[in-house]
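What follows is chain A paired twice: with chain B in the first complex and chain C in the second.
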Partner chain A sequence: MSSDFPPYISTQLHYLLNHFPDKLKIENVWSGSKHYSVTLDRFTLVIPYCLDTIKWDIIYNLEFPLAAPDVIFGPDDEDFHRFLMMPGEGDRDSRSRAEFAMSDWNNKDPTRLLALIKELRDQYAAYQRWRAGEIDDDRLKFEISTIMTREGIEMQIISGADKTEEVKFGVPLMHMNINKLVSACPWRHPQKIYLQVIYPVARKYASAPSAPRLKLMSPPELKALFSIDDVKLPSWLDGMCMAEYLPNLEESLGKQVFEAVTLIDFRRSFIEALAPLFGRPLEADPVFCRKATFLATSGPFAFLVYFLLSTQFPKQQPVLMLQSTQHFQSQGVPIKSALLSDYPWSPRWEVSQMAERIFEFLVDEALNFKRYCNESQLQH
Partner chain B sequence: MERAEGASSGGGEGARYVLKPAPLNNEDIIFCVDVDAESLVEMKTTGADGKPVTRLDAIKQAILLFVNAKLAINPDHRFAFATLSKSVSWLRKEFSSNVESAISALRVLVATSPPSGQADITNLFRLAAHEAKKSHAQDRILRVILIYCRSSVKPQFQSPVNQKLFTMDVMYLHDKPGPDNCPQEVYDALVETLEHVSEHEGYIYENGKGLARVLFRHMSVLLAHPQQRCSQEYMDAVIPKPLTKKAPITESGNGKGRSPVSSQ
Partner chain C sequence: MDDLALQKIAVSGPTLASMIERINSCLGDADGLLFGDVASITPTALSDDSTQTPSDSQLVATISGFLCFISPLSFYDSAGRVDPTLVTTHLNQKPLIGWFSSRRKTPIRPSMREFSVTHSLSSIPNLSLPIQNPNFSSNFPPSIFLLFTTPFQDQLIHTNQYCAYRFQLQKQCFSPVSIDIVNIGPAFRGHYGSFCPSSALPFLSCELKNSAAMNEDRDKGSLSGVKQAAKDQEDLDMCAEGMDIGRLSQLMGPEAANYTAGLEHLYEKMLTKLESLSRLVEASSAKVLEQENHNRKLRLKVAKSAGVE
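Moving on, here comes the complex of A and B:
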């Protein structure tokens, strides 16, 4: 894709994508020029903000390569332009925020696009804070004032049902470095868990303010270690505020994350306990120990055995799957068994006993599977 | 008893398997299939409908088995395809983790005729080295699986600048040894090539009896991730394990020239 951009744009774009602290995506690319329509000079950038994304169109102009690109914001953010035209805080030379962001533009410097986007995103966060501050709702004002000291909070005005206004907060939880807890951690970005808090804006003379909607959120990579769906949120008591709610939640979450980390090594020891019975695995997940695959035989019949371990192992038993190396369906797909999770199990067994009991189960199941494969082939 | 290094290459003989925390990269795998006339030799096994099955038919099936299983282990592994007749050229050079892509590439895989005479694999190493650099840039590792079918022609190559950038495995299908052929010499040449070139432990299997299910079983062993391999000798001694009641410790080898031990 980027090979269709002229070098000065693609260099800046590559630098941006590789160095921006969050994961950015490009959604659309196109050309603004009628004459050079094969060469691209525009794209839509998808930027993470407040646990969701915002989309900005970045408009370079092939006919004016030295000029800084224009940035077009989303349709809900028309006011952002106005905000950018206002003078920056503490800015001695009273340039507008926009002018400040665009200054020092140099199309030969690979880092300028990243600097521009970073500055604009910071301004966008300031804009949302400013808008939230303008809302006439005492509870909201109180909440904002008590949590503003927390690092990394982002907020956003959104429209709820019935076109009512709501204020969404993205609150990063626990300043622990989860990545450091995982040996040989493959994650490129720090994995963080967030609490999304959505407050409806109180209408005047309304009855007692309702509790905010709460939801835990985390990047998908974290699922390999820990599933936020397994977390039960403490209840929000009447009259609570975030400053009271958050510490309990963080303490509980911290414990659960630590426990999830210790479970990695328990899964590891289970996979190692399978080897004497099932042979050396063809491949096993060495970081999170969620999967292991073996090759086994039942008489002359050779088949693959897949072990899938959830983050709830050993409470939840492994899911097994068998796949023939000799029987194929249409399109050459080797026949697979159903997912097997209904066999004798106790989380209190030693790993060696877990392995032995699964082995016994599979000795019989392999015969069933072989029969199933032979019958499926005959039906062809 | 010494603790073995289960997760690093070349270790782990004779002691307990250990799964060490270590990075495991996704693979880019190039299948290089010998499409010389000898790939049309019939296997001993016939198809489900009783019709004869050529080596090339069995190879295609074996590749599909491999691709499906590899993606079940990890959907981020990717595959590309090349052919060998007189020399090596691309069949499908874009790596894809899509099974349909493999199916469509294999559909256009056809044998050449007449016999190619020579088997120059210089280009295989050249394009593998080139792809390996791209793979490494994406945090992946490259593997080449050469599937070779000639009983009298040794593969040749101009000695490459050997940087051991990729792993190489070989699957060798051949006729029974006789006065008019030299599969043992060819096999030895393949072993030497593999050892010369392969970054991680490379595996080689030979199939001279024409049994498709043995080919499939060997292809399954090749699923082993290069970064977690032990020596082939040890691997063949410990897998596949028979699932029988009160599992005895059996040795069933079928690797470099050792005859299988017992009653299976």
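Moving on, here comes the complex of A and C:
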């Protein structure tokens, strides 16, 4: 018997997971009822924040469905309660932030849980900004004041090595919409590249303030188009501040992303150039053109050829892999070759020439592969 | 007003045990009010040091009773705002020092609503208790919060966990306080004083039969005398069963030569009363359980239909 939430909780939960702007995850589900119950009423929500995640426990009460849920925050956020008790900004009369978040609870309305979590997350971001503002460090105060105009920056106080305090900034880069640049883009969420900047809080007797630690971060789906590992960050000069550093980085990053998008078409033209020689591909990635599979024959020997194109194509040559359709290992797994990337190649060739040269290489390589397959089979 | 330091919270073993038993028998989460008092103690430094700095007096809170609500949002709303009228209806002149909350399989730290409720409860004027100490007079708001949870994985040895906090209004934060469980033993003596009997012996007017004139009054059975006697018997029946009011005279005055026997008789009758009371409680508990089960079925019905709009 599978455990499940009662309908009023599951509708709110599904609405939350489907409509929340960021990707939320549920880590744990369980029941708070006395008897061993298969009906659940509590779960742990993993919410992305500042290039990391925060975990909150959402506690409903199965015995009292009309009651609003309660929220238990992370163990390091005890001060968040104090922040929530303060009156909110703007024209929210004199209600505290917590009261505002919990107002108008209605368990029959599927959107209420989303409204609550969204409001609390916004408050959490405001709380971290408030905490960062309280830190007595002139450089930090200056940084915060100059970059607060940028949309979407989140910050978080974290404890670094040796229990020192550090302030982490998650800065979204480039206002361009990467999703729009890719035709037939399959991504559900907007892909953004972030710069993570970690400032150590200056200690009283420290000499010169040390440079912050910089790191580029992006969601994993972006790798299909563009790998941030290939980007070399410009160096942070002494006495620099983020307002100076960011524009250069964004310009260079923007150029690299545009280049990556144009490379999609180049890869596509290469795959199309393979067709006259190898026949129509069995499989090909139509959006990012990162791989294609063809069926080839060498006499009576039929095998598959996998083409794996990296984001650095054509500077980096494609990696080939062969797979036999007639030879199998003991477990029934077809025999595959090693990854082949050591064949004649020049990025300056025309795509038709690239295709021809690979074809010639494979004519010979197929015989080696056939021999290898036969030998492997004899061993089993 | 500066928040005076709370050194510890003392609770007797039976009180804590009955609190845990009560919340374990609830089907879901529960919460309730804590009653007790707060006293200031000046720790005596036993030293011959002549340069003795006066030590700060510290507070010790004692929990002597509780009231458990089985439905949530009983004296507060979803946002954690406490309704003072709902609290005072439950007080019945009992001194409120805080509240407790229990929730199964959750981390042992205060939640968003628990923080709001404690903040709200501590801020209600007129609910503060006077601190028992002759040196200074100050008030202690009901700022104690006791949290009960259970571990995530069902365990055989460790089934409940609890921890206590004191809410500091100035700093707006919880500060953990250690709990001192006082069990029967030499240390328990101090607790005798902090427990007030909930059913004291009624105050009966006692006139010593020393005047013949008064005797005549009574023997004549005057209306006022009979009425008074009937009222006194009613008062006595509240704490003893089957004891004639006349026998009280054996405890005082000239007839008190047989004092011990009279006292034993009184206690015997009080125990009889307790026995019949406990039978009454048992019967009414069964009825309450039936009603609670009925309510629970209705709530589950609402829960099933609530998702369909």
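In the analysis below, the second predicted complex is superposed on the first by the 373 of 380 C-alpha atoms of A that agree within 3 Å, B and C clash if a C-alpha of one lies under 4 Å from a C-alpha of the other, contacts with A are read in each partner's own complex, and residues count from 1 in each chain.
Note that contacts are C-beta pairs under 8 Å (C-beta built on N, C-alpha and C of every residue); 3 or more make two chains touch, one makes a residue touch a chain.
Not measured: the values here are computed from a predicted model.
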Simultaneous placement of chain C and chain B on chain A, clash or fit: fit
Contacts of A:Phe294 with chain B and chain C, given as first, second, both or neither: first
Which superposed partner A:Ile117 touches (first chain B, second chain C, both, neither): neither
First (chain B), second (chain C), both or neither touched by A:Ile193: neither
Chain B versus chain C as contact partner of A:Ala260, first or second or both or neither: neither
Angle at the Cα centre of chain A, taken between the Cα centres of chain B and chain C once the superposition is applied, in steps of 10 degrees: 110
Partner chain in contact with A:Phe328 - chain B first, chain C second, else both or neither: first
Which superposed partner A:Gln377 touches (first chain B, second chain C, both, neither): first
Which superposed partner A:Ala275 touches (first chain B, second chain C, both, neither): first
First, second, both or neither for A:Leu249, with chain B first and chain C second: neither
Distance of closest approach, chain C and chain B, by C-alpha atoms in Å: 22
Chain C-contacting residues of chain A that also contact chain B: none
Chain B - residues contacting chain A, complex: 6-7, 12, 16-24, 48, 60-61, 64-65, 68-69, 72-74, 99, 103, 212-213, 216-217, 219-221, 223-225, 228, 230, 234-235, 238-245, 247, 264
Chain A partner contacts - residues on chain C that touch it in the complex: 24, 26-29, 71-73, 78-81, 103-107, 109-116, 119, 152, 172-174, 296, 299, 302-304, 306-309
Residues on chain A engaged by chain B in the complex (per definition of touch): 183-184, 186, 268, 271-272, 275-287, 289, 291, 293-300, 302, 304, 306, 321, 323, 325-326, 328, 331-334, 336, 359-360, 362-363, 366, 377, 380
Residues on chain A engaged by chain C in the complex (per definition of touch): 6-11, 30-35, 42, 57, 59, 61-68, 70-73, 75, 78-79, 81-82, 84-85, 96, 98-99, 101-103, 105, 107-108
